[in-house]
Amino acid sequence: MSDLAVDRSIDRSKMTVSDEVAIEISNMNKWYGAFHVLRDINLTVNQGERIVIAGPSGSGKSTLIRCINRLEEHQAGRIIVDGTELTSDLKNIDKIRSEVGMCFQHFNLFPHLTILENCTLAPIWVRKTPRKEAIETAMHFLEKVKIPDQANKYPGQLSGGQQQRVAIARSLCMKPRIMLFDEPTSALDPEMIKEVLDTMIELAEEGMTMLCVTHEMGFARQVANRVIFMDQGQIVEQNEPEEFFNNPKSERTKLFLSQILGH
Amino acid sequence: MSDVSFVRTEMLPQQSPPASSVGFVGWMRENLFSGVANSILTVVSGVFIIYTLWFIIGWAWSPTWNAQSLNECRAILHDLGREGHWAGACWGVINDRWEQLLFGFYPNGTEAGVADMRWRPILAFVLLGFALAPVLYAEKVPAKMIYLTMAYPFIMPWLLWGGSIWGPIMVAAGFVIGYIGYRVLSQLAGSLIALILSVVLAVAWWLFAAGGIAGMLADLTPALGLEPVESRKFGGFMLSITIGVVAIGLSLPIGIVLALGRQSDLLIVKSLCVGFIEFIRGVPLITLLFVASTLLNIFMPPGTDFDIIMRVFIMVTLFASAYMAEVIRGGLAALPKGQYEGADSLGLNYWQAQRLIIMPQALKISIPGIVSTFIGVFKDTTLVSVIGLFDPLNLTNAIRADSDWNGIVWELYGFIALLFFVFCYGMSRYSMYLERKLRTDHH
Amino acid sequence: MTTLTDPPKESFRLSMLIYDTRYRSMTIQVIAMIGFLVLFGWLISNTAQNLQALGKEPSFRFLSEPAGYDINQRLIDYNSQATHLRAAFVGILNTLLVAVLGCITATVLGVIIGVLRLSKNWLVSRLMSVYVEMFRNVPVLLWIVLIMAILIETLPAPRAFRGAEPEATMKLFDTVAVTNRGVYVPEPLFSNSLGNISFFGEHSLRFDISLDLLAFLAALILGLFIRSKINARANALQESTGDRPRTWHLNLAAIVVPTGLVLFALGFHLGYPELKGFNFKGGTHMRNSLIALWLALSLYTAAFIAEIVRAGILAISKGQTEAASALGLRPNRTMSLVILPQALRVIIPPLISNYLNLTKNSSLAIAVGYMDLTGTLMGVTMNQTGRELETVLTGMAIYLAISLLISMAMNWYNNSVKLVER
């Protein structure tokens, strides 16, 4: 695993954490049948924070961020996103999903639609944006992820890295306040990881609130303001990246870091 | 001599392979005579093929096209010195009856005072080709043609059955009313409520307003209509194709709903759908046709009596829907879960996700299955002969009972089999081509 | 663990029925249920009104009335004085008879054709493709009617067998008579017959099973049991020494000897059909309707089975064959140890659903006058008694039960062979 993913200096001028709370999770629990996947999660994310969630596979980190936009349902505790409580109320769920963008490990682009159509779909149908405006927005974000020339191709014609950048652009077209990344680089070939991470860094530089589940520790070190380590469905340790990597407190964290960083 | 170093000073030119492994001879060696057993197989099947073809061509080569009866055929063949059971085919029966085998008793101009109306079914089926084009070749035809596709379900019955044009228009108006109702209501209330109310609105229109208004308009403009044709005049291949097209066309939306119901988490909805699908798939079509011929009128409110072809349409549609539901369910199951999650994460609701993301992909995957369901239903339309409709098979009974053609077997059945074969084989080839195209298309 | 805190309880509002995921599904289901019940109730009330107007109260009493019609092809005792219930029972047995015969023939034919279609011989594989396409793309009803017409029109009448120089002769060393009234084949007879065992006494559903047949089956099962023991010993020997003894002759003997002994003890011989007067007597008479239906269903279904077999074998990747060859397995061992076990997993589920189709298609018997369930209960009985509702619904229920049994067998098989996968 590359320790240093990015070889350029990062503009931290807009990477400020405000006092405004973006996500508040308290005493959240979740079970798959009898299996207790998330145990008593408490987490507050402020607007502008960039959080990396790390941990061994099966530790519940993906499940945690999937609970935030209700791809998974939590059974106990509370989740409040941007002031809206995530309950079984459909209106709240729809509101939160349109405020929270998400990128998946396998991109989940819609293969039957062009890149442009992928990006304009949700703005048109969910946000009720006029088509012309939606296309303008989409082209703006496609330029930002540096693939405007592919707008009329289909996802299957693009490389993995390009697809993931389209997926990011697709989420951005909804003008989300929060972005969730679920292992966005795990399914990519090594040479494509960098282009996706670059896009993510640019996003961070603009002050986006981000929650990333990732194994890219270089990214965590340089971009995150907080690293959370999960194991067995619990938050084991969280700290600023410098402290987290140089001076881990928990034995589990030390073991994990030695496995992931030691070659 | 342990020197292993070697340098080639002269490059070898490419040489042709031995003559026995290329060209026709090579092909024969590889595919026909690659061993003793294989050679024997080749000889045996070669002899079989030559004998069969010789026999069939000898029988089919028979100058009896203009004969008026089986006896005349025999006389012609007798004059040529050909005797016996396999003397030759009697093609006169096809010449005499092919129009009936194709169109049944649809007015052909022979009856006094009734015009030749066979252009109507022909036009209807030609238009069907155009109506299907936007679905099958979305990229190659103008987008405007989708309006023809949407209007076709109303044009086809009008062409086939005739009558005033206002009837189909008023039925179509019900859909428009329902759609507008949904658009308006969904602004005021939730989509679920809007959906239910707009369905109620459309049904109310059909039940209470459509008939009256259509009748009134028809009286005002009698010129805007076609000569009506009764259902019992339908027959031959026209009947088979009509039943097949109606059943598949209607079963597609019903099948989609059933497949979604079967895939849903809602226990009651799911059990209702599973119950219906398994019931229909568990009984032979012929029993459903018995329901059409004997029971359907008993199930309807006292006094309703709609004709047998309508009842057959209903039952064959229900039959096809169950099979269609299973085909579409297969398509749904083949979609990765990520597609649902992608749609969810963007905030699309259930119906938006189904309409924009899931169904376009699932239906595309299902096209080969849909075509083979269609082939199955088309072949099964021959079953309506058992309940007395005049499909091609039932017409053969009438023809063979005719004293002129009593004793004809191969010519008639062969002709019908050939037509079915051309249709079904063509469609199955086409679906294989589509399957290949879909596999290599953007994905 | 800390105590679990839940979001504050909201008081119930009516709009939650639609907007709350917990209640929404319930709301939709209740609406669906109400819609279904309304539709169902509407159909029932219509039916009740219509039947009342026709003066036909639903009743199944007709089943115990004399049927008054004859069934010429049957497996159990029946005459026109028997009840409608018995006629229906004869019909069910006839349905099962043609279904079982058809499935067996179709499987044998289908497997042969499917394998031949994969043959390297170009001519043979093309020939088989022609067969498959020819039968698949023409309606089965047409095949049934066509074969029936051929049997009637082209086969010799029994009287053609008469005289010193007959126009037609019996086939297979004078044992089988093929006529336009049907095929007469030798019947098995037992001079020391054990008799029959009766079920259901004097009831309409009474049927007899030949004890001779049961004895034969018992011997066969015994033989199979011995065979499995022999193979188990061979396996044990192979595991301990690595050598596998030749067992095929023992296997053959295990099957042949017990059954042969039982047949000998029962005095098994064949009763041949003989021409008496204008018709054949003796032997088993298979009517044209049965033959036409059986042949057509077998030929038609065989085309589908051939495709399934071909697809099943092709589904096993070439890599599997290459891997097995690379390990040094001979072609026949490759087939039996590597290809077949995997291909069967792919083949058997669609195969069973084709058996189901064949069974359902057997209802087309009515087109050629073979008296199966459709021909008796939903045919003559319905026309004679005018009990459309009762007969059609009962007939459908019986077909449904047969289908569900076959599907259950298929599900059981699918679950038992599911590949263990991560």
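Labels A, B and C are assigned to the chains in the order they are written; within every chain, residues are numbered from 1.
Convention: a contact is a pair of C-beta atoms (placed from the backbone, for glycine too) under 8 Å apart; a residue touches a chain by one contact, two chains touch by 3 or more.
Model, not experiment: these values are computed from the prediction.
Contact topology of the protein chains: fully connected, every pair of chains touching. Across the two candidate interfaces, A-B and B-C, the one carrying more C-beta contacts is B-C. Spacing of chain A relative to chain C, judged by their CA centroids, is 57 angstrom.
A separation of 48 Å divides the Cα centre of chain A from that of chain B. A separation of 28 Å divides the Cα centre of chain B from that of chain C. Taken residue by residue, chain C touches two or more other chains at 18-19, 24, whereas all remaining positions touch fewer.
Residue positions of chain B touching 2 or more other chains: none.
Chain contacts: chain A has residues 90 touching two or more partner chains. The touching residues of chain A, when paired with chain C in their complex, are 26-27, 29, 39-40, 76-78, 85, 87-91, 93. Of all residues in chain B, only 336, 338-339, 341-349, 352, 356-357, 360-361, 364, 442-443 touch chain A in the complex they form. Note for the complex: chain C touches chain A at residues 1-7, 10, 16, 18-22, 24.
Against chain B, in their complex, chain C makes its touches with residues 18-19, 24-25, 27-29, 31-33, 36, 43, 46-47, 49-51, 53, 119-124, 127, 133-134, 136-142, 145-146, 149-150, 153-154, 360-361, 363-364, 366-367, 374, 378, 382, 388-389, 392, 395-396, 399-400, 403-404, 407. Of all the residues in chain A, the ones that touch chain B in their complex are 69-71, 90, 94, 97-98, 100-102, 104, 106-112, 121-122, 125-126, 153-157, 170-171, 174.
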